[in-house]
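Common to both upcoming complexes is chain A, partnered first by chain B, then by chain C.
Take a look at the complex of A and B:
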């Protein structure tokens, strides 16, 4: 029963990722082909999301943008989780001055309103989507550092760690074979719950012109581009928004079911 | 009481210094050449000799740490430099936009509480009923919608279709405030309804509630006088923490509705590479966030008798 609850969201996420990966080959129309004869057409059977101001098929454009939108969100989560976990394990396991210093640094990062710092950082990098990914990851790592440090501290004094030490394992071996496998579940759950938020924040940065910029196909910047047409042709603006909503929903359902599964375990 | 506040204030000093250091370093290492940007903004082109002369004049050739300390001492005196673009002192410039952002944040927070508290409690009391399921679904949807998209949908429906409200803020009147407030509070409410629901459900199963029920005290009395009072601590913590995302969110919403606050100024400054203003923006927002969290901590004192009597906050 419990497995079933997590099976469907997992399949959905897997399908979404495969779809996003191959998205450039899956568009029904050519993404960049302009046809001013069919400019700003309302949704129809031929164009289920309508066409934009240049007559490009919106559905194709939304599909084409899924790769960058989804994989850059995954990159944010991966980057901040790995940085945070490395620092967290280092601090938790070794303690001492390095621990104190790094934890004070993470305190300071946590004292910033996250998105504010990310907006400024992304704006200063001015490096397209990569700048936005780095900005969000550099703001997000302290949460992972805190989490993994706490988890390490609670497993550090377990008898099996002592046993590993007695049997002659060195620190690196203990971290990789004993500590990491024990704390990784909790971290993966947190990371999965963060994917949706990261996707929305990345889209927000691109929407503000601080992330992906045209011609890079990305949902946030597509919404920004067509904002002025909201009154005349709302479908151009709403279609990428709906794509964000569906994708974030899928990741959120997946994250929550994973959390429930893990908690029940 | 005062001793506690004093201690909290002292502990803030290293955090505030750290915040200022990180903000300054961020601009210092990622920002371009200040002199070039400044004259570009005015529209002039300078020869390399003149640029290096100007750099000398402005003290930009000094080591990083000296520049930082110099800048920090200035900030303490209320001098945050001069905007490259407008030529106005940044401190006063930001201060003039601050009330609008704080007004928007405050109204959003109030509306969020007005929406999420009753719905969260109701959802908890009737948990697993039809109402609860509807609320759950709606808040899930709200959690998966980016706020800039909500802003556009709301302005499409309320402003462009029904023509009830202006699309773009005209001044800072109530009518202009409705759409940005609604956008920010809908997104936050979706999150809070779920958290308040979970909080109230866990509180309702505690022994004191069962005891009160056994003594025949009305359910409403228990909820309003006991449960609400005890959960208010956690709710205040949540609100204080979310003030940070509110400040970030307001940058987005202010830009969509052209609300004349700090967030709109920040994005304009980023596009114009007006570094002193960007730096001041980050610094002000962080200070406000830290201050709001301090206020939340102090408010525990009034709400939690255990703390007042010298015990520890167990929440």
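Take a look at the complex of A and C:
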């Protein structure tokens, strides 16, 4: 029963990832080819999501944008999770002065509103989605560091860790064979729930012009470019908006079901 | 009985007559009262604009600071000696007449019936004090005006210049030349006393409160209180006007105009000399070849940009100044001809990857622009597609930090920017600023000896017709050489509720509020 609850969200996520990966091959039209003769056409059989101001097919652009939007969000989560977990385990297991210094550094990061700090950081990089990914990851790692440190602190006093030490395992072996497997579930759940948030934050950075550069389709920048048209040609703004909504929902449902799965376990 | 009847009749008739006499009197009196109350009732207007504030370098009303003179004149607080009419020709405003005594001396007679809002009379001495402060503190005025001495005598103001300066009267129409009372000076909030139909009661970096003057020298001003609000986001302006929070706006996104094309609103437009144009980086050897420059010029779909992407709110450009009837494009849109020109320059798509190449290298350029003018990123994307069609790959960098990017001459190849090319009716200004070998805004280091030579002649020519002819020649050279590529000119539009009359834009971009502004 528990497995069934997680099965459907897992299938949806898998389908979404496969779809995003192959998206450039699934577009009915060239995503960057402009045709001003058909600018701002309402949805029709030829263009089921209509066309944008440059006469580009919105359906094709929304599909093509899925790859960069979704995989960029995954990259953000992966980067901040790996960085945060490494630092968290290091601090939690070894404690001492390094723990104190790194945790105070993470306190400084946490003291700022995440997105504001990300905007400032993204401004340091040249325009582009890579800059946005690094910016978000560089401000998001402390949460993972805090989480994993806390988990390590509660795990490292367990009897099986003492047993491992007595059996002659060194620190690296204990971390990889005993601690990491015991805390990874919670990290994965957090990461899955963060994918949706990261996608929204990437969209926000792109909306502010700090993400993908034209003509690369990206959901956030597509919404930004078309916001003035919301009243007159709503399909141009709503199409990428709906895509963001669906994707975030799928990842959040997956994260929730994964959490339920691990909690029950 | 008869006598009583007679007395009664007389009394009735008398009463009626008195009544008849008194009624009109009372009616007239009430009419007068109503008129007075109508006259006395002060109407209010909230005006949202994207053109006021620190970001536009025009916050406050001190004309001697940065571009704040534009705000002073735009919002009807200050006036200049000369004004530009709807054909961008100079006409006297606070000046009554003028004459060049010799090449270095200009004499201006100031009108005799003008007071500042402080109550002080505007005479030559007051004007002299103002110009002396301007020349002492402003960054552009001394270089523009080249004034060495100012003399005041009654209403006669005399300017003596260090060298012949035919454009001096044009600079006297520049908003930094707006006359303010230097005795009251500039207060801590950057408020001043001007001669315009309105005076400011409160000034901040984001808002100005104005009230109409009863003692305006050029006729009656409808009693009005105006709040000018800085609204930098176009969509906020749209929604503000729709919701009724704003009564009139400047700076709507092009996409929003159809929302107001109905009986509830007025849209008043004027073609301006603000040009959207491309500067090529001549430090890049690519652009030394005229075939390449011409190929790029002919690949750009200017009509599509103006009529589709700007919704028709602009004018296709063939030079720095707006096209006149009968003018035709030097390089009309022709992708096929562009491809031929690229071929002639040795560029062809030898590996069939969609991009032309030479010596194994694809034709790729870095296109720099800034989002401060909402049209520019749209233009960049449009040109990116146009150039892709002829096999040139364009990487767009749209950043407010573009001046920093340009410090590295290899970081950009084309700059798209916007500029008012003829702000004071002095066409020499554009060339001086951008296209001569030593121009401060010649970002791409374009150099043309013929243009430089003509500029020297223009700077010493006083005859307006000859000056126009020289400017036309220079414009033709610049366009023919593809030194710069001009795409379009801005159409400025003010949108207001139907009951607001007299809010009319002018081609010069300096004037918005006048004594003709009436709220019905």
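Keep this in mind: the second predicted complex is superposed on the first by the 263 of 265 C-alpha atoms of A that agree within 3 Å, B and C clash if a C-alpha of one lies under 4 Å from a C-alpha of the other, contacts with A are read in each partner's own complex, and residues count from 1 in each chain.
One rule holds for everything that comes next: a contact is a pair of C-beta atoms (placed from the backbone, for glycine too) under 8 Å apart; a residue touches a chain by one contact, two chains touch by 3 or more.
Because the structure is a prediction, the values reported are computed rather than measured.
Asks: Which of the two partners, first being chain B and second being chain C, lies in contact with A:244: first, second, both, or neither?
Replies: Only chain B is touched by A:244; chain C is not.
Asks: A:51 in the overlay: touching chain B, chain C, both, or neither? Say first, second, both or neither.
Replies: neither
Asks: Which touches a greater number of chain A residues, chain B or chain C?
Replies: B
Asks: After lining up the shared chain so the two structures overlap, which partner does A:121 touch, if you call chain B first and chain C second: first, second, both or neither?
Replies: A:121: touches chain B, not chain C.
Asks: Answer with first, second, both or neither: which of chain B and chain C does A:227 touch in the superposed model?
Replies: In the superposition, A:227 touches chain B and chain C alike.
Asks: For A:111, using the defined touch cut-off, is the partner it touches chain B, chain C, both, or neither? Pick first, second, both or neither.
Replies: Once the two structures are laid over each other on A, A:111 reaches chain B alone.
Asks: Contact-wise, after the overlay, does A:66 reach chain B, chain C, both or neither (first, second, both, neither)?
Replies: Neither partner.
Asks: Which chain A residues are contacted by chain C in one complex and by chain B in the other?
Replies: Chain A residues touching both partners: 209, 227, 231.
Asks: Using the touch definition from the top, list the residues of chain A that touch chain C in their complex.
Replies: For chain A paired with chain C, touching residues are 32-34, 36, 39, 53-54, 126-127, 209, 213-215, 227-229, 231-233.
Asks: Spell out the part of chain B that touches chain A in their complex, as residue ranges.
Replies: 14-15, 18-19, 21-23, 26-27, 30-31, 140-141, 143-149, 152-153, 155-156, 160, 243-245, 247-249, 251-252, 255, 266-267, 270-271, 278, 281-282, 285-286, 289-290
Asks: Within their complex, state which residues of chain A touch chain B.
Replies: Interface residues on chain A, with respect to chain B: 104-105, 107-109, 111-121, 123-125, 196, 200, 203-204, 207-210, 220, 223, 227, 230-231, 234, 237-238, 241, 244-245, 248-249, 252.
Asks: Under the stated contact criterion, what part of chain C meets chain A in this complex?
Replies: Checking each residue of chain C against chain A gives 234-235, 238, 253-256, 258-259, 301, 304, 308-309, 371, 377-378, 380-382, 384-385, 388, 395-399.
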